[in-house]
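Quick one: the structure is below, and I'll ask about it shortly.
In order of appearance the chains are A, B, C and D, and numbering begins at 1 in each one.
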């Protein structure tokens, strides 16, 4: 049972500080599920490789979803694959994040009109945190997406959200 | 009483670190011995052929990019020369040369990924990153030419999207002199490594006759000892003007046609491609690249089967035209699609670890298999 | 090196009872047109015959000829009734360095073509693909299943037919944009 | 340590706890540094930078990883044997931690000054196998099962050459206690076992080649025992996804991680104690020269850690250089090469000792 399963009603200094620590830990150590789909996967590999080096941000590839924090949907999601992606997502432990990389994963990309076997956007099956546009996005764009995700995590809190 | 035994069915993929994409293998095992491998495809079926029917001829080019995304240039190449043949266009000399330079650079880049990920499959992590580092240099060359790193849409029917950058020639020569010694480094680090040789020699031996019957092409066929390369045997574009060798598998460390041969043929092909690029740069003529660009691409009624030697093998486009601006039917003969079919034949009786080695040595790209 | 005409003559001599014809109006390749239910023995001869030796099947494509009668449905979509589906075989001889193209046609309603899977193993997946995309049934194929589309895709829905219509949903996922 | 604590405080339980907890104080920082080091070493070998953003040059990376891991949901999937599934990581960790009890960190500190130190280590490290098998079996995952089976076969096979080499060294030095063994190799580096031990004479030079072979055999088989490349079969990423810990998430996975790195140091330390003088400095002590006696034990801890970390570094080096062998080749190396060679070695060293 994760620490984040509970929520706290009122905010205080302890929670604010522990928020900071836990958020910092989460955003600095985003282990990625090593999982590529299509063209974007090659750019994702290029991002992990020497020239761009994902490892600088603490992103380390893990082969199994049980140990991953972030899944990068790198490429076209087909109907056949969508079911498996959903399952992969469900196999990951909370807290988990999703980057949708490339136009195909965002909205179907060039396959939106005649793609009878293409899911038009991965957000139809799983919730996406950050969308990275491009076909395929350059490695810099993916890094930017990661920084945006870190920004998002930085503002998460243990407190119950007020309506 | 006999012990009750049953075969273990191991399901590899679609998410598995070494299926090179979203391939699913259903592996039947007895202990660690493989009795049957059934590939399940289609996890990346992006309906290329349907799109081709709905688009005009030039609009299809970006979709060809996305089939074999490791060798986009070459996919463009095959398609545009097919359409040009239907139209009866003769492209300027300069265009031919630039196409060949790009095609061969792309071949090197594609082989780099093939060799690097193969190392990864065998468990060597570092050569992969070294090759990716060098691949970035080729991508830079493409980027200064057409602005894209991976999917270029560079070759057009009758011409090219951009002329070469003024610095292109210098940078390419620099790359050639930079990369030549790195091939030796790769050989020392991986190719002749004792463990690597032990893992790949005599594994997945593909005899010549089986390969031909299965329609295997490209480096996989050549590794089986057959000197068959479309650049020589069915020349297209201006390949007949260049002087290069066709490396074939010789069984240096094992049997002809084993995984190591398939690996080594690719290493040798990179050297040959460097040679072709060098020659093409020396002979590169001046000229206007868009001279032959047609106003409207509308081939006459009829059909054509155009094949080229893609880094993975024989890439064929079967194009049927009904006389309108849209192709009536474009069927792609994807090399990986045909090459993968042999997996079951090759991996019978080997160990689980060998499936990975064999699959890696076939060098498949799922974008092309599923289209 | 043999031209399509020469190959046609050899075939006509060997199989007098089967109809052959040459499709002439092609810009580059001439195509030999023949019978869909005899293709197996023809191909066997093409592979083994003296002076032919077509040892590989480069490509096998199924095509919807869309030459039937077009009917407009109530919702504006079109269905094609009648007409034919074709299969093209691109053969190549590595040994003698020549190539040729065969074409067979079959009716759209119950498309049946003999499988050449036993002659060239390369045909296996190509035929499965043609079945998957166009619904052409290959007789004597050992394992004729869908290959690219999901196994539970709607029965009788073949995407590359010209009158194909997207289903609204697949396993709860919306298919059209 | 234990005895002196009992003398000082008179509380046996307190003394036991303190002396048992001491290695934790070493182990946890070591693992944090080693994981960081592994990533940095691999990165620099591959023309990359490695972690850079978390703290100065990514120094806090592992700490962030740790805090993240404790936040993760602990997934226990359906069809998993919960009791054993939860217990396995602790067993694995206990197995690797128990080894530290017999490691002589310095002449003043050793967890348990038993005379059977090395024997105890070989025996207790069998717990790791039990834990891994348990993890693989209860995960109800085919990859885990394969990983666990491979791991068990591998560790058990490689314990034979390890034991044979250690036996030959025991025969020659005449002690099973690691502390005594370290004490024997005192003063300068030419007294180390790898260079023929402290006694001068013809035997010293005759022994050197055989000891070198023994060292190589021992190092190779310890590599296999801790499942490092080129013998990382059980977690072979490209074949078995993540091997026996495929189904583990969060802190339980961290336990495996901790155990793995703990093991890496433990075997390196054993190698260094047996062949490279353990905690002994290669060229005398600063404390003795300056006359500050309390400095000596600290120096010893430093040398002990330094030698251990050096061998850990070599393990990393190998990991990022070599491909992985296949499972049958792994067994071939063990049964066809290492075991016969170590038998011959045992005989030769035995004869030389007798003469």
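In this section, a contact is a pair of C-beta atoms (placed from the backbone, for glycine too) under 8 Å apart; a residue touches a chain by one contact, two chains touch by 3 or more.
It should be emphasised that the depicted structure is a prediction, and the values quoted were computed from it without experimental measurement.
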How many steps does it take, at the fewest, to get from chain A to chain D if each step moves to a chain that touches the one before? 1
Among the chains here, which has the CA centroid at the largest distance from chain A's centroid? C
Please state whether B-C or A-C has more C-beta contact pairs across its interface. B-C
Averaging C-alpha coordinates per chain, one finds the centres of chain C and chain D separated by a number of Å equal to 64
Whole-Å gap separating chain B and chain C, where each centre is the average of the chain's CA atoms: 26
Distance-wise, how many Å sit between the C-alpha centres of chain B and chain D, to the nearest whole number? 45
Find every residue in chain C that makes contact with two or more other chains and list them. 148-150, 159, 164
Quick check: what residues of chain A touch more than one other chain, meaning two or more? 49-50, 63, 80, 113, 116-117
Residues within chain B bordering two or more other chains: 16-17, 42, 45, 47, 50, 129-130, 133, 370
What chain pairs are in touch here? A-B, A-C, A-D, B-C, B-D
Give the list of chain A residues in touch with chain D in this complex. 1-5, 21-22, 24-26, 28-29, 49-50, 53, 55-58, 60, 62-64, 66-67, 69, 91, 93-95
Seen from chain D, its contact residues with chain B in the complex are 42, 45-48, 142-143, 146, 229-230, 232, 236-239, 241, 320-329
Write out the stretch or stretches of chain C touching chain A in their complex. 148-150, 159, 164, 166, 170-171, 173-177
Help me check something: in the complex, which residues belonging to chain C touch chain B? 25-29, 31, 55-59, 61-64, 88, 90, 94, 97, 99, 101, 120-122, 124-126, 133, 146-150, 159-160, 162, 164
Chain A residues touching chain B - in the complex, by the definition given at the top: 33-39, 41-43, 45-46, 49-51, 63, 65, 75-76, 78, 80-81, 84, 88, 110-111, 113-118, 135-136, 138
